[in-house]
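In the part that follows, the structures are each spelled out as structure tokens.
Next come two complexes built around subunit A: one with subunit B, the other with subunit C.
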Partner chain A sequence: MDRKEFKKAFKKIPAAVFALVFLLIACSIISEHFWTGENLFNLGLQGTVLTILALAQTLVILAEGIDLSSGPLVSFCGVVVAVSLHGGLGLPEVIFISIVLGTAGGFLNGFLIAKVKLPPFVATFGNMGVFTGLALVMTKGGSIPGFPESFRFIAGGSLWGLPFPVIILIFVILFNHVLLYHTTFGTYIFGIGGNQEAVHLVGVNDIFFKSAIYGVAGSYAGVAALVMTSRLNAAHPLVGFGLEFEAIASVIVGGCSWTLANGNPWGSLAGAATIVVLQNGLSVLGVPPAVQVVGVGAYLILAVVYDSLKGD
Partner chain B sequence: MLIRQYLALIMRLAVIFIIAAILGVARPEFLSVNNFINVLRQSSLIFLLASGLTVVVLSEGIDLSIGQVLAFSACIMGYFLKTEPMILAILVGLGIGALCGLVNGVLIAFVGLPAFVVTYGMMWMAQGFALMFMKAEIIWGFPKAFRFFGAGYILGIPVPVILMFALCAVLYLVLNYTTFGRYIYNIGANYEAARFSGVRIRRIQIMAYTLSGLLAAFAGVVYISRINAVEAGIGDPLLLPCLAAITIGGTSLYGGEGGIGGTIFGAIIISLIINGMNLMGIETYWQPFVVGAIVILSVAVDVLRAQKLQTT
Partner chain C sequence: MGAQPADETILEFKGVSKDFPGVRALDKVDFDLKRGEVHVLVGENGAGKSTLIKILAGVYPPTEGEIYYQGDEVDIRNPKVGLNMGISVIYQEMNLVPYISVAKNIFLGREPRRKWIPFLVDYPRLHKDAREILDSIGAEIDTKVNAVELGVAQGKLVEMAKAFSIKASILVMDEPTAALTQKELDELFRSIEEFKKKGIGIIYISHRLEEIFDVADRVTVLRDGKVMATMDVGEVKNLDEIIRLMVGRSMTAYFSREFLKEKGDVALNVKNLSREGVLRDVNLHVRSGEIVGLAGLVGAGRTELARVLFGVDRYDDGEVEIFGKNLSMTPAKSVALGVGFIPEDRKKEGLALILPVKENVIIASLKKLFPRGLINPAKQSKAVNEYVKALRIVTPSLMRIVRFLSGGNQQKVVVAKWLCTQAKIFIFDEPTRGVDVGAKAEIHQLMNEMVKQGAAILMISSELPEVLHMSDRIYVMHGGRIVKELQGDEADQETVLKYAMAGGAA
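== the complex of A and B ==
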């Protein structure tokens, strides 16, 4: 490999990968507990929800959109799960409800964007209000705590020595990979992001598939809601507040771009990992969670500036 | 063209009358002078914040950060009000707002990121800074002279309402009779044409976003002066009503069409709806849902209208 090729390959590595290496080194210096099994277990647990949402956001951003409503959709699904559990429904029904509801919410976004042709940030921002509002109405602003043991297994259990959420995460990653790279639908996602007009002219029902992309993203939010609600053992209408920002940041630092319709889910995984590690490190340093958002924002800006500097 | 504008104006007035008539019949107390002034005062707060956003939207941009920029600048203003002279505190607050807007503008104009990404990032950054600065505390009890902006009266009319009409007049003149204003419309209507006509797009964009930040901080002055307190979270629920006011007011999110006058009508309609919901005893939890739905509906109408115009 000569120098030019090496340079080209180097440029393809998203900022998140360098950041991840840096953060892992930094964290092992500031805290001797970082590499303990317990902390890694916790990181996996915390990271699951964010990573699932980051994968959902990747699909949407690859299709030249954005989903600002994924955090509130998680809250809404969580609240409905809680209400159904207290209404006496069993585990399978609840899982079904959460995923279907997430898909429906996502489809609503997709319909407004693909069919009615609203700008994505307007449709999903409006639905942010809609989902938050519905969740607030259902709980009257309070939270719904306390679930049966079987439901708590989703976040609290472990299988084959791994936390169960991590198993779910691995499953979602595999599903996402197959969907993107080994199905026609995946090809359409890249196609719609690259040139929707062309996809339309080939005779593909681009409007349906574009809606479906948001629908799939919504179903991931449904899965994330199950993990989140089970982990907290409570549902609150504002619990997902801000999750969408972390998810979008993960995708951007992972190298996805709107204008070029490039990027891949592995970059987003690295992005989500950096954000979870960053937050963990900031917590060790005693930075309160509400303020950690500044750290995430600064990281996001650095990554974006780095990307724009290296050019294409 | 002119006829269509008058028609739109009449339609908006009709909507206001219809809502008012329904509320008047259902709740006689709605028709009191006190409530009328109350509605106007509420709409003035929405308008002041939405005014800068209107300019940005006219240039086919978007500023999602206004609510949090308001909160951040208001927090710092509130802190300085306690120790420093009032003028200095206000100037510092306005400066912070303008600075946030400037950063938005530079990132959008020079780094070439989509506006909704940059301002969405700024939204969280400003929020984080505000939290960092306030540490979850509330500053309250401002000097009497400062309270004049939000709670004072001139000839029986609340000062915020006077400020609303004054700012609207100024912005109307700026948008219609200055080169800056005409360039805003040009860029929004046809970016490429504006570029080829030698409009310094980057400079105008930066000015527009800076103005938006500045006016958000100005709205912050009136806002905290009215409630006589400030905390980091005051900006959270503000963006949705502003977007609703702008879109109801007939400013197209695709830029170049509409104007500042419409935003006043939009702000009044939104306040009427919220006021009506309060009077009818509907729980406040419904508000995000209703306002979100209004945003989606009004933009959908705008988009469908534009499509119809294109086909005929």
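== the complex of A and C ==
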């Protein structure tokens, strides 16, 4: 019986956890610099944006949806932040603007999905184009560089020996955990993904909460946009391109299923971590970024194959 | 004793009608429910039972008529209003959220909050309250496990706890026993008794007419949206009376089979079949011209056996012979050898719901009829028409999408599909689940016809009367084994149950 329970528990561990252990070992063999403070600092810095977006994607996928527009939404928020800063607005104002704009963009997705009843793939696929287009219009295709020191602290500063983005990330992780497991809203996220009819029939406004899930995911994109723009010290309309792919990949290798809200944010965290470490390791080996994308895709497929094999 | 609160009417429908485009689903229905009674609602599919329930729950507004709740006229605009009034509905499908705990399911939408930070869920209270409610209906279920881990019966109990927690005064149960074993049924009926004692009125819908005598205080029969009769269960002389009211003609509960004296050759022969964890050393055979019943409890391995026989799942050991030939392990080969499988869940596994009747009937025969891959429409329609006529499938045209057919007609489409392939061996898994009484008799008659024409039928059924009435021989399964073979005429309900429940050990 004990053996059986152990087997069951073992099966619950998503592919990402094993991949992470493997990658950490592999990286420490490949490069003696891997475990240095400097490299870890950099990993944290690089990983923050993706990890925040992976958490946003987790909320959406738990609710039986998908958000293809999260990368472009990051670009769009970044561009608006840059324009606002150049227009003379201060740090608190742009933080507010970025998060509110992200939330609004998310709610737009949510409205189309929950109220207009578009399939999530279609709604967010359309907005992928809308957000990218808006960002291109605002910048006329170019980038907007150069921001004040106060704004650059978001990505460049450090606190208690940690890069400031990592502090932000920890805050988002905590916020996300409380949201999912300690608020009624969190219960409705699992409810909407698991059995929306049941939620509707107990008199909960399921349409509103379903929209709100996308709204919260959008607010995370707003936070990610602040970190991204500050780190690059420039806004570019295509900077978020492909981030949604990595974020979705993180959630999938983290073991979250497409249906019934069977998953959790911890798997997605491990998933995001593996992708960041994988990219870092490939960089150390001198693999060009374009080929790294192939690596992430191959890893995604391997992880899903692993999950489907152990299901038998 | 004075006034008896148990006789107090809590709910009354007066002349309630409901029109949908082109059809009157309910026609001037009068219906009432008393405190602490179980009022069973019966009727064929489409008789208006679900419509009545949905009006009560606030899902549809009535077209005309009045609803009185505890003496006052009410307007149940939406499910929330219904809930607040204390009307709780347990639908036929599970209405639980799989990956949250039992406690959270019970209090979904009404979670207790922490005193100081009101947007946070108060977990200790949530679990404490859930425990109390489960205990009060006598359900020993851990409040912390996720609903996905529960069995069907436990799920029903959690839904009952949920109904109880909203202080429901009216509980509606739509086919609660469709997939329960006898033991689970007893548990459910015990909980219903608890509810009655607390003065809750229960509306109970069932296709298993025998249950009327187990649970009902009163029975109302619906037909074509009209109330045919409401009576005390004591006045009901026998089930035939109820069936007559339901279908509008006299009919015995089960079609009586003609048993053939001369059976044909062995069509399906299974030797020492095993599949790890599911089937152990199964031996059985079915001859042409006979119906062999496969009885057993849910989980005994009957459906698993059917899947292995049809080649859907693999087997580890043993042999399956079709007309003396060894069967390989794919459904394609089974079909080629003349096996047809009518699965338990016809909507998922038996039909392409969004395709028309024509495509559904022809789909398994395309290769045989049109080996070059080009479909000859005239030939196709002719073939399909032949079976639609022979099976008396009620459909306005061959192009009707099967989703819109009744359960009985859908089942006939599945059978037609296999007849069209010229199958000779049929595996029926729960042939009459979810079909109404009239259609049930027709399907039984159809099976009778099929064996007369030389078909061999292996029939899985959880309805004991069906097994006993229809089978030439009966195999009883328990724990993945066949524990007993009985001749149809020597079998009775008690014997079959004894072997099904204890494997014959007791």
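In this text, the second predicted complex is superposed on the first by the 309 of 312 C-alpha atoms of A that agree within 3 Å, B and C clash if a C-alpha of one lies under 4 Å from a C-alpha of the other, contacts with A are read in each partner's own complex, and residues count from 1 in each chain.
Here is the rule we go by: a contact is a pair of C-beta atoms (placed from the backbone, for glycine too) under 8 Å apart; a residue touches a chain by one contact, two chains touch by 3 or more.
For clarity, every value in this text was computed on a predicted model and none was experimentally measured.
**Q** Now for A:G242: first (subunit B), second (subunit C), both, or neither, which partner does it touch?
**A** first
**Q** Counting only touches as set out at the top, which of subunit B and subunit C does A:S211 meet: first, second, both, neither?
**A** neither
**Q** Per the contact definition in the header, classify A:N280: touching subunit B only (first), subunit C only (second), both, or neither.
**A** neither
**Q** Applying the touch criterion given at the start, work out whether A:T184 contacts subunit B, subunit C, both or neither, answering first, second, both or neither.
**A** The answer is second: A:T184 touches subunit C but not subunit B.
**Q** For A:L201, is the partner it touches subunit B (first), subunit C (second), both, or none of the two (neither)?
**A** In the superposition, A:L201 touches subunit C alone.
**Q** Applying the document's definition of touch, where does A:K140 land relative to subunit B and subunit C: first, second, both, or neither?
**A** In the superposition, A:K140 contacts subunit B only.
**Q** Count the residues of subunit A touched by subunit B and by subunit C, then name the partner with the higher count.
**A** Higher number of touched subunit A residues: B.
**Q** Thinking of the overlay built on chain A, is A:V293 touched by subunit B (first), by subunit C (second), by both, or by neither?
**A** A:V293 contacts subunit B only, not subunit C.
**Q** Please identify the positions on subunit A that touch both subunit B and subunit C, taking each partner from its own complex.
**A** none
**Q** Where on subunit B is subunit A touching in the complex?
**A** Where subunit B meets subunit A, its residues are 62, 64, 107, 111-114, 116-117, 120-121, 124-125, 127-129, 131-132, 136, 239-240, 243, 253-254, 283, 285-293, 295-296, 299-300, 303-304, 307.
**Q** Spell out the part of subunit A that touches subunit C in their complex, as residue ranges.
**A** Within the complex, subunit A touches subunit C at residues 178, 182-185, 187, 190-191, 193-195, 197-204, 260-263.
**Q** What part of subunit A is in contact with subunit B in the complex they form?
**A** 66, 68, 112, 116-119, 121-123, 125-130, 132-134, 136-137, 140-141, 242, 245, 248-249, 252, 258, 288, 290-294, 296-298, 300-301, 304-305, 308
**Q** For a test of understanding, state which residues of subunit C touch subunit A in their complex under the given definition.
**A** 57, 78-80, 83-84, 89, 91, 94-100, 104, 108-111, 113, 119-121, 148
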